[in-house]
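Pasting the structures here.
You will see chain A twice below: alongside chain B first, and alongside chain C after that.
Up next is the complex of A and B:
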């Protein structure tokens, strides 16, 4: 019970963290709450969808788990790059022209871009939810184990070739070949819990990389300088436009990774996929202290766990319908955190700029 | 470059305006205003309904009709506010004599409100919420209502010997709540017990509701909601629901539902308005074939309802001396008797102006929908 709640919460929280990173980095540099960030996440998820569906990496003859890992790797790389390029383009066309027009103008532009991208996605990809493809493996009939331990099927879902538990003896193999079937397709028995484990692992691997980029590289130092004082940074010879573009690129790249992870874990993608996770991730960034990278991670994980743990706890205490208010409880949690610590858990107290 | 961005923006805005511009001033036929969700989360339903309407229009024109008519489509963007705005636009600017729409009950409610205010007849093809037609004589519908669907589904579950049901509900949706409450009423009255679990549409993680259902250990799981939630929920549940039967309503009736459920081993049944493979129904079969030919897709329930709604309207218009008279047309719609539609025999001559049609139960088998049975309410 407790383990279930923790895994569900951490798995979802890791996704929030992936998106929150982008919010927090962009906010840290140009004080813009980029409401279109959830849409970068969604576009990444869609690009991953097409990559997993059409690239046919699983047809490459590699030893067993490799084709699946390779398929995911290719899909995630393409998705993240596409999301990052879209973010850079958006920054160039929509945000840069209004950057000096004040924060409200920039905020409204971001909301506009969000709606624009959502509706563009509806026009291009249709509004309905699509099943997210699961990469599988092609096996030659000869290679089938004597006893089937999984579902094998023809790719196009025409019919199941071998049902679960059916013994596959020589006669059966011959019968399959007589039907003209040489290879059968196997989707892996990846459970949701397994995928959530992968997402957590990915987050653990990514965080130090981002931290290193921001704290230990020249570009990171320039980012921090722009964040501290943009005009002074410009006087020091830092190309602000380049640094802002790089920040958008990085933030959306991570969101693209999150997009594929999220949709592969939960099984579907649609143009509104980015809406609620984007909103929740924004909350996570605020809980953690917007502008702070460790804060985004802590906030994301905490919000994810809180979403599952609070209703479960209240249910144990006797409120049978607590789960009906899962989201409301998460927001109440946010309000309490902000009442106790207005700058977020790891946020620095804000200095008035004169 | 900044300028280019602005020019592009301006250009898209202009194009958008051009697209909506239209004039209904000098048209002397019957103007049929159609309000459907063509964008937003319900766009698949809107698209299907519109396809059905177009097919009906083509068939009517081919058969030849004395009444001159045209369809004017407006997009309600899947929101109740926009639905009302578009209904008003149609009545005030496009000169619509009658309105058709929409799909979601919450959106039809605002359209029907505007129609009542204006005194314009309105028919909804697919909104099932019980209360829509009460107190609004200007609204009729050609689909069954939720209490009927809930009752039929309860009958179906009990007839299979399933006595304890876990019900998955989205508290924020009129459809989901109304449907679940109606099911509960009928199911418990006939000796069953229910256990409610809650999910929220759009939250892609259904762990809470899945675990709650598993803990309740029911005979049958009833998902009261749309396919976008029901599909992934069944897929995520996988082992945790141990192959228990799952039932649902017309909200699950979508081609994508079949892929969204993945490799689920649960037997799945849902009630809906029509099944393209219903036996002994040549008209249904012919409709399905023409639909596939024209749109390259399998027709869903919304397509069939969209098709039927135009025939019901034109049948009423034929019985009018002057179909453009709102009062006369509305009375004629309310007097509709035994119009043979794709979704069954439609009679609206009752105080609810709601047909009493049999429902179709569909079984999901090997990644396809199969006709299972029809149940009379």
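Up next is the complex of A and C:
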């Protein structure tokens, strides 16, 4: 029970963290809540969907996991790159013209861009949810285990030819071959827990990369300089536009990875996929301390766990409808954090200048 | 709408359609005016206005369904509308008091969270299928023969409300409380040093805005006869905001004109049909983005329509002399 809640929470929290990273980086540098960030995530998920489908991840020829991993790697790279390019384009066309027009104008532009991309996706890809491609593994009939450990299918039919639990002796194998069936495939036994584990692993791999980029490279130093004081940074010869574009690229790249991970874990993608996770990820970024990369990760994981743990706890205490409040929890959290510690858990204290 | 309407003469059908459109324009004008009070004059960035509209509509619908039948219709109407307003104001208090101390964009996220959260919680907790309320007609029974009367009645109510809200805002902005609010909007710290209570002033204008939105919601619930969570999604918020920005932050006549223009454009494009009307929401978002890039203060800015006409006349006169 506790382990379930924890794993569910960490799995979802890792997704929030993936999105929150981009929010926090963009906010840190130009003080803009980029509402469209959730849509970069969604576009990444869609590109990943098309890549996985067209790479044929559901009919990999060998019973080894390598091609599947490779397909996922290619899909994730494509998705992340597409999301990143879209972000750079958005920044250039919509955000750069309003950067000096005041924060309300910039924020409203961001709302407009988010709404624009959502509806564009509805028009282009349809409003409905699409099932995310599940990887499939092929086996020769001879290699089937004595007792089928899953449903086995052939390409021509939707229904399985060997059901899970069927005994497979030589006579059965001969019968299958007599039908002309040489090979069968099954989808791997990846439980939701397994997938969530992968997402967490991916987050663990990404964090040091980002940390290194921001703390140890020239580009990262320029980013930090711009976020500290944009005018002074310009006087030091830093190309602000380039740095802002790079920040958008990096943030959306990570969001694209998160988009594929999210949709592969929860099984479907639709144009509204990015909206609520995007909002919550921003809240996660605020909880962790906006502008701070470790803060985004801590905030994301914390929010994910809280979203599962608190309703579960309330249910244990005898409140049957507690699940209805799961979606509102993040906002309550946000308000509490902003009132108690407005800089977030890991944020630097800021003094208001008069 | 029942089948009898289909057999009505064309002229009456046109009247029905027209009154419907004007009522909706009026409701949007109310929403835009109240949001303008918060965002335009008050300079507080709220993205939760659809939540107050939702609370008003749901509050009124719930009370109408809960009250015993047989009470006088007008009494039920007024009571439920006031109740809807009260619920929305309570929501405004709940979110406003803790959040108005927040800086601009944090306030935006917190209010957006409120607007979305309130809807999600209520629709998650709603066990009815389909979710929502059917609101009994309290003013009179509607059938195809008196539908036009019914709509004209609502048209009157909505116009009365818009006029009332316009007068309220005009007088408020010129009152001492209103001037204090404008001072806070300009510079909170300086206003505080002048002896104005910035938090109190902000809470007051926020509550006024949420109350008006709640009232509009209550009237909408009675007018449409049913409310469901899907009628109060974020697209509504974007629409209201587009109207406010189109009309100008801090402009009363701009707001009303923009509500009308937006509706007319939407209907007009709807008649064009094909791709143009299918892609309406995309075009709509594009208008918002372009407006922000080229005219971030709205088409007229904080000026009223009368100012714009006066300026235009003066310029023309100056031009003819030269």
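In the analysis below, the second predicted complex is superposed on the first by the 313 of 354 C-alpha atoms of A that agree within 3 Å, B and C clash if a C-alpha of one lies under 4 Å from a C-alpha of the other, contacts with A are read in each partner's own complex, and residues count from 1 in each chain.
We take it that contacts are C-beta pairs under 8 Å (C-beta built on N, C-alpha and C of every residue); 3 or more make two chains touch, one makes a residue touch a chain.
Note that the structure is predicted; figures quoted are calculated from it, not measured.
> Could you classify chain B and chain C on chain A, in the superposed arrangement, as clash or fit?
Because the two structures are overlaid on the shared chain, the partners are seen to clash.
> With both complexes overlaid on chain A, does A:170 touch chain B (first), chain C (second), both or neither?
Neither partner.
> Once the shared chain is lined up, is A:321 touching chain B (first), chain C (second), both, or neither of them?
It touches chain B and chain C both.
> Have a look at where A:119 lands relative to chain B and chain C in the superposition and call it first, second, both or neither.
Touch status of A:119: both partners.
> Let me test your reading of the model: by the given contact rule, A:130 touches which partner, first (chain B), second (chain C), both or neither?
The first partner, chain B, only.
> Where does A:108 make contact in the superposed view: on chain B (first), on chain C (second), on both, or on neither?
second
> Would you check which partner chain A:12 touches, where first means chain B only, second means chain C only, and both and neither mean what they say?
Only chain B; A:12 stays clear of chain C.
> Once the shared chain is lined up, is A:330 touching chain B (first), chain C (second), both, or neither of them?
second
> Per the contact definition in the header, classify A:94: touching chain B only (first), chain C only (second), both, or neither.
Touch partners of A:94: chain B and chain C.
> Of the listed stretches 116-124, 188-196, 350-358 or 368-376, mark the one in chain B with C-alpha atoms clashing against chain C.
116-124
> In the superposed arrangement, what residues of chain A touch both chain B and chain C?
Chain A residues touching both partners: 94, 97, 119, 122-123, 275-276, 321, 323-324, 326-327.
> Residues of chain C touching chain A in their complex?
Chain C reaches chain A through residues 39, 43, 45, 47, 95, 98-99, 101-102, 104-106, 108-110, 112-114, 116-118, 120-121, 124-125, 189, 234-235, 238, 241, 245, 278-279, 281-282, 284-286, 288-289, 292-293, 296.
> For a test of understanding, state which residues of chain A touch chain C in their complex under the given definition.
Going by the criterion above, the answer is residues 31, 33, 94, 97-98, 101-109, 111-113, 115-116, 119-120, 122-123, 275-276, 279, 282-283, 286, 321, 323-328, 330-332, 334-335, 338-339, 342, 354.
> Where on chain A does chain B make contact in their complex?
Answer in residue numbers: 4, 8, 11-12, 92-94, 96-97, 119, 122-123, 126-131, 134, 151, 157, 159-160, 187, 191-192, 262-263, 266-268, 270, 272-273, 275-277, 308, 311-312, 321, 323-324, 326-327.
> Quick one: in the complex, what on chain B touches chain A?
For chain B paired with chain A, touching residues are 1-2, 4-6, 8, 39-44, 47, 78, 169, 171, 196-198, 200, 202-205, 207-209, 211-212, 227-228, 231-232, 235-236, 238-239, 254, 256, 259-260, 262-263, 366-367.
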